[in-house]
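Heads up, there are several structures right after this.
Below, chain A partners chain B and then partners chain C, in two separate complexes.
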Partner chain A sequence: MNRVMSNKFIISLYILPALLLILVLIYIPIVLTGYYGLMKWDGIGDMTFIGLDNYIRLLSDNQFWRSSYHSLLLAIFSTVSLLGYLTISLILATKIKGANFLRKIYLIPMLLSSVAIAQLWLKIYHPTNGLLNSILIAIGVNNPPAWLADRNLVLIAIFIAIIWQYAGFYILIYYAALKNIPESIIEAARIDGATPVQIAYRIKLPLISGVFKVTIILAIIGSLKYFDLIWIMTGGGPAGASEVIASYMYKNAFTMYNFGYGSAVGFYLLLFCLLGTWLIRKLTSTKDEIQY
Partner chain B sequence: MEKTHNPSNVSGKIGYALLYLVLGIIAVFQVYPLIWLVLFSLKSNREVFNASPFALPAEPRWENYVNAWTQGNIGLYFFNSVWITIVSVVLTVILASLVTFAITRMVWKLNKLVLGLFMIGLMIPVHSTLIPLFSFFLSINLIDNPLAIILTYTAFNLPLTIMILLGFYYTLPREVEEAAVIDGCSIHRIFFQITLPMTMPVISTTGIINMIYNWNEFVFINTFIRSDHYRTLTVGIQSFIGQYATDWGAIGATLVISILPILIAFFILSNKIVEGIAAGAVKG
Partner chain C sequence: MRKMKSSLLVFLAILLGLVGCGSPAQPEGGGGTTTGADEVTINFMHLWPAGSSAQHNRIVESIISEYEENNPGVNINVDVLSNDQYKETMTVLASSRQLPDVGLTWAAGYMTPFIQGNMFTPLDDILEGGLGESFIPGTTEAFAANDTTYGLPLELNIAPIYYNKNIFAEYDLDVPETYEEFKNVVQTLQANGVIPITVGNREPWTGSMWYMYLADRFGGPETLTNAINRTGTFEDPALIQAAEEIQNLVDMNAFVRGFNGIGNEEAKGPFMNEQAAMYLMGTWELPNYTTNEDVPQEFRESIGFFKFPVVEGGAGDIDSFVGGPGVGLFVSENSQVKEQSKEFVRFFVERWGERAVTDAGVIPATRVETGELDLPDMYIEVLEELANASNITLYADVQMSAAVAQTHLDLIQSLYGGDITPEEFARRHEEALAAEQ
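And now, the complex of A and B:
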């Protein structure tokens, strides 16, 4: 058995194609991003080695910090909205009628492409004919804001579209986790006289804390690298008011052909994501995971 | 088994009514934008701009759909989306299955290390690899070539796919494979004729997740594909909309066409999709 199953040639044959792909298309590029960050380079011509200049320049680049701040805001906003998703899932998981149907309805936006979602929300936020301002005018608001053109509102407007996009995703994760809790535990608590709210907070929440931790990581990392809707809806504008790290990187590299500087931004993005993951794991690590 | 709650008193009933009200409002919030999209896809610009946004189209303008399909290259984009998605999904699932089989079933020393390499890939932000990937594909002449897209989709979906497969492989009994080895079956036959068919349920799950990701992918295709000929729906409709920026009916129709296949798939395969996304997410 072991002799057949430890055939080195076959093991390499099965592993190597996939391994090569991730080495060439994920790991080597990551290293190269850090390396390109040391260069002055327009992407086509010669590279000039300039040492840490790009990385140092970034530290005093106001737009970079502003973009990072926006990404951080999105991360906080997404994490807080997890509580809302969790509440909805707790309600759905009490086996009320139609829970299955509602859960599927909530999921629909998650299936759509970011281009479709962005175009749809561009129309919703349209200053004169959009759905939102039509409603506002109908209920008597005189000068409804031009959402995406308003520097103070553009971020929150996009955040709401992102919330819309991901609501079903997180509700689904929590719902699946809650469904995994053995019925006997909940039944026992009910016999002991626990109310549904007590069951939710004292029994269900602790039991899915592991999944909650995973979703915090997903939400924060997802927010730090968020790009699609922002790029399509506003391109980071007006005047950088909705710029995030990923859009700032993309803009530097692919519209301003500043590949060296863009790479430095990309490398910071990687560091932020790894740091974020590590920090959350550190902060939320419990001595022992609850088993059931 | 828990019964459906049976509120016996009045406050319980009011509580339930409120609960449903909240859940219902959220459902409307999630779905109404799409209904509104379908409504304006059937309207003329004059209707969109002058009548109430809630109004039904006076006379549904199906020609918006005909125009969207014939004027833009929607048919071509659609075809590109389909074949690029299918090729990438098949490639990802086969490669990931081979890796998972070798890691969980075969005996070698470095398997934990190699698995770790694949799993770290889950944490790497796509954007941090974009510039080197672009210059790499440029140097080997793969910019504006669908192969660049297929290979990138496969590479970036491998970690998650392997992670989901792994959980399933650990639960598979080894006895069948052991018996096959004793009978003198080659490893290739064991993999392709015994193990792979046994993993069909989880393969369809991962296939669906991959399908949704690839169908909707934006950044890679936007960066690596230049010519109209190889654009997929995601990027194709974006450029189409750019040209017809003011014709809301045509834009609406284009968007509905791009959304429809995935929605139809969702209603047919809904349980599998829900299960797939849950598996992908909880384990990720």
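And now, the complex of A and C:
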């Protein structure tokens, strides 16, 4: 066996199928996207090579920067909300009554498709018959906002839906990590007289810090390329107030027939995501992880 | 870490790469094939699923089976998609030169890239021999470029204002004929807690129709069209005034609450529940107020329609409509069975004209003899209005190129939302149109 595994030829042979798949499905399209960004192309007819024009034009495109700003806001918002998910997981991981039931409740959004979630929240936010405004009117608010039509509120309204959508996912990750901590460590702390809050803050959190870092990256990258719920709920509107990078890319490529420009947006999005990942790794890198 | 990166890459690959490399993701579609001497398969793609467009779907099915019966050896292979999906699929298929032999397209601005990309084949030869004359004038022209027809229209629509007669009677209101009267109607309804107008401006083409009518009534039928084709300008006083009037209506609370956040289907709700008094929409809505058994008969009987009122001193007259042909049939330039496809298209158009009226309550783009048919009153009234129309202005977003249309729709939302002034609305249109040239 060892002889086989040290044979360079055999190794490459084993890797080859996966490598080919990754190349064809992932890396080649990326290179192509960058290449299409150099073209003036409606996606149908002939391409015209225009050099870096699309990329340069994007730098002074207000709507692009506005979309990027919205994506960045979502990234910050998602990252902050991780603290909320973490708190819930900490509570669920202790032996409280009904923890099992609550865990299932939080997981439900994970079972629904984005389209279903979008429909659900569209009903909640409906300006006249929506659940939210019906409640507001019932408790005496005269003029409740028209959530998705209000350009100042539409982003926050969608962010809340997104937070709800991903709650189960992150809570599941944290919960699994917390459950992995050996009971003996917590037992020892308890015998030494530590309060539950102290145990959570001084012992549990440091022990799952690696997982926490991973979720930060997940949240930020996920936010930067976020698309589906926004596209279904508002299409980026009203008038671009909830446009994000991915929806702007999609709009350019597929509804405005500006495939070259859309590709350029997509390429920038890739750069932003790589930059984001790199930044977080820098900011959160510690010399050594705490082990147990 | 690696996993995250790759999930990001997969995302990009799906969104952009898919279209780029095309073929691995799109094994379907493509030119029809001629197997053997007589066996012919024609691929046909349309957008009327049995679920959401039952009547259309049934007509298509029956036309196809009739055609297959008359022409042994010809198979029509049908692919059905929903509206939005259809547009996306068209783009993807076109980029890999895999369009179906026969399919549906929208007019003017939508089809321009396909024509420039040499995707559609000219259909002038099948218009000869009488078929061309059976179309209502102006409908085939919307599917033509450089004097060549690339599509045969199936539907023709105008957009009247539907209104609830019961609500009007309750507040003692008459059908308005002038814009002043119209504003009084709005005010009375508003004062009595009835939603005057419902509009689903999350899909801004609905709001655009109100703007187009006002533009027509202030400036006459040519002003908006000229502004779009660059012989005129969006900074024409009539067009700015129309934009101002939209904002006046918004300030009067003429439109349903949160209109910018609700879609067209949702906006129908208040009208169908008799909470809203007026709804401006294309005549494709007619079956809901005439023959659709799912809608209570009492409600159907309470609905009437009127023409957009005239503005005092404005150049537009009351018989001028916003509207235009809906979808039309095209034959792919790359089709292996072009002649057979054209034959099928010709047969389809002829049959469609007869069946659309009686079976679906749709107004076809070909002339109809209504004399011996038993049709709902409102349907006949609409056909009469159509016959008397002095002008039909094609929907603004269809007239424009795809990129400018998107700008227009965004600006319509901003205008309704009060984010921009009428002057800025005009200026931004000018910029977008100028950038095109």
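Some notes on this structure:
Assume the second predicted complex is superposed on the first by the 273 of 292 C-alpha atoms of A that agree within 3 Å, B and C clash if a C-alpha of one lies under 4 Å from a C-alpha of the other, contacts with A are read in each partner's own complex, and residues count from 1 in each chain.
Throughout what follows, a contact is a pair of C-beta atoms (placed from the backbone, for glycine too) under 8 Å apart; a residue touches a chain by one contact, two chains touch by 3 or more.
Remember, predicted model here, so these are calculated numbers, not experimental data.
Contacts of A:A188 after superposition on the shared chain: neither chain B nor chain C is touched.
When the shared chain is aligned, chain B and chain C each come close enough to touch A:I26. When both complexes are overlaid on chain A, the residue A:T277 reaches chain B and chain C alike. Of the two partners chain B and chain C, more chain A residues are in touch with B.
By the touch criterion defined above, A:M110 lies against chain B but remains apart from chain C after alignment on the C-alpha atoms of chain A. By the document's definition of touching, of the two partners only chain C reaches A:N258; chain B does not. After overlaying the two complexes on the shared chain, residue contacts for A:V80 are found with neither chain B nor chain C. In the superposition on chain A, contact of A:I56 is made with neither chain B nor chain C.
In the overlay built on the shared chain, the residue A:I156 is in contact with neither chain B nor chain C. With both structures placed on the common chain, the touch criterion links A:F169 to chain B but leaves chain C unconnected. On chain A, the surface patch touched by chain B in one complex and by chain C in the other comprises residues 22, 24-30, 32-33, 36, 43-44, 128-129, 214, 218, 221, 225, 246, 249-250, 253-254, 259, 262-263, 266, 269-270, 273-274, 277.
Every residue of chain A that touches chain B in the complex is listed here, in rising order: 1-2, 4-8, 10-11, 14-15, 17-19, 21-22, 24-30, 32-33, 36, 43-44, 88, 91-92, 94-97, 102-116, 119-121, 123-124, 128-131, 134-135, 138, 164, 167-169, 172-173, 175-177, 183, 186-187, 196, 211, 214-215, 218, 221, 224-225, 227-228, 232, 245-246, 249-250, 253-254, 259, 262-263, 266-267, 269-270, 273-274, 277. Of all residues in chain B, only 1-2, 4-5, 16, 19-20, 22-23, 26-27, 29-31, 33-34, 36-37, 40, 48-49, 52-53, 95-96, 98-99, 101-103, 105-108, 114, 117-118, 121, 123-136, 138, 151-152, 154-156, 158-159, 162, 178, 181-182, 187-188, 191, 212, 215-216, 218-219, 223, 233-235, 237-238, 241, 248, 251-252, 255, 258-259, 262-263, 266, 270, 273-274, 277-278, 281-282, 284 touch chain A in the complex they form. By the touch criterion stated above, chain C contacts chain A in their complex at residues 1, 4-13, 15-21, 24, 87-88, 91, 94-95, 113-114, 116-119, 201-202, 204, 256-262, 266, 269-270, 401-403, 405-406, 410-411, 413-414, 417, 419.
Every residue of chain A that touches chain C in the complex is listed here, in rising order: 22, 24-30, 32-33, 36, 42-46, 122, 125-129, 146-151, 154, 214, 217-218, 221, 225, 234-235, 237-240, 246, 249-251, 253-259, 262-263, 266, 269-270, 273-274, 277, 281.
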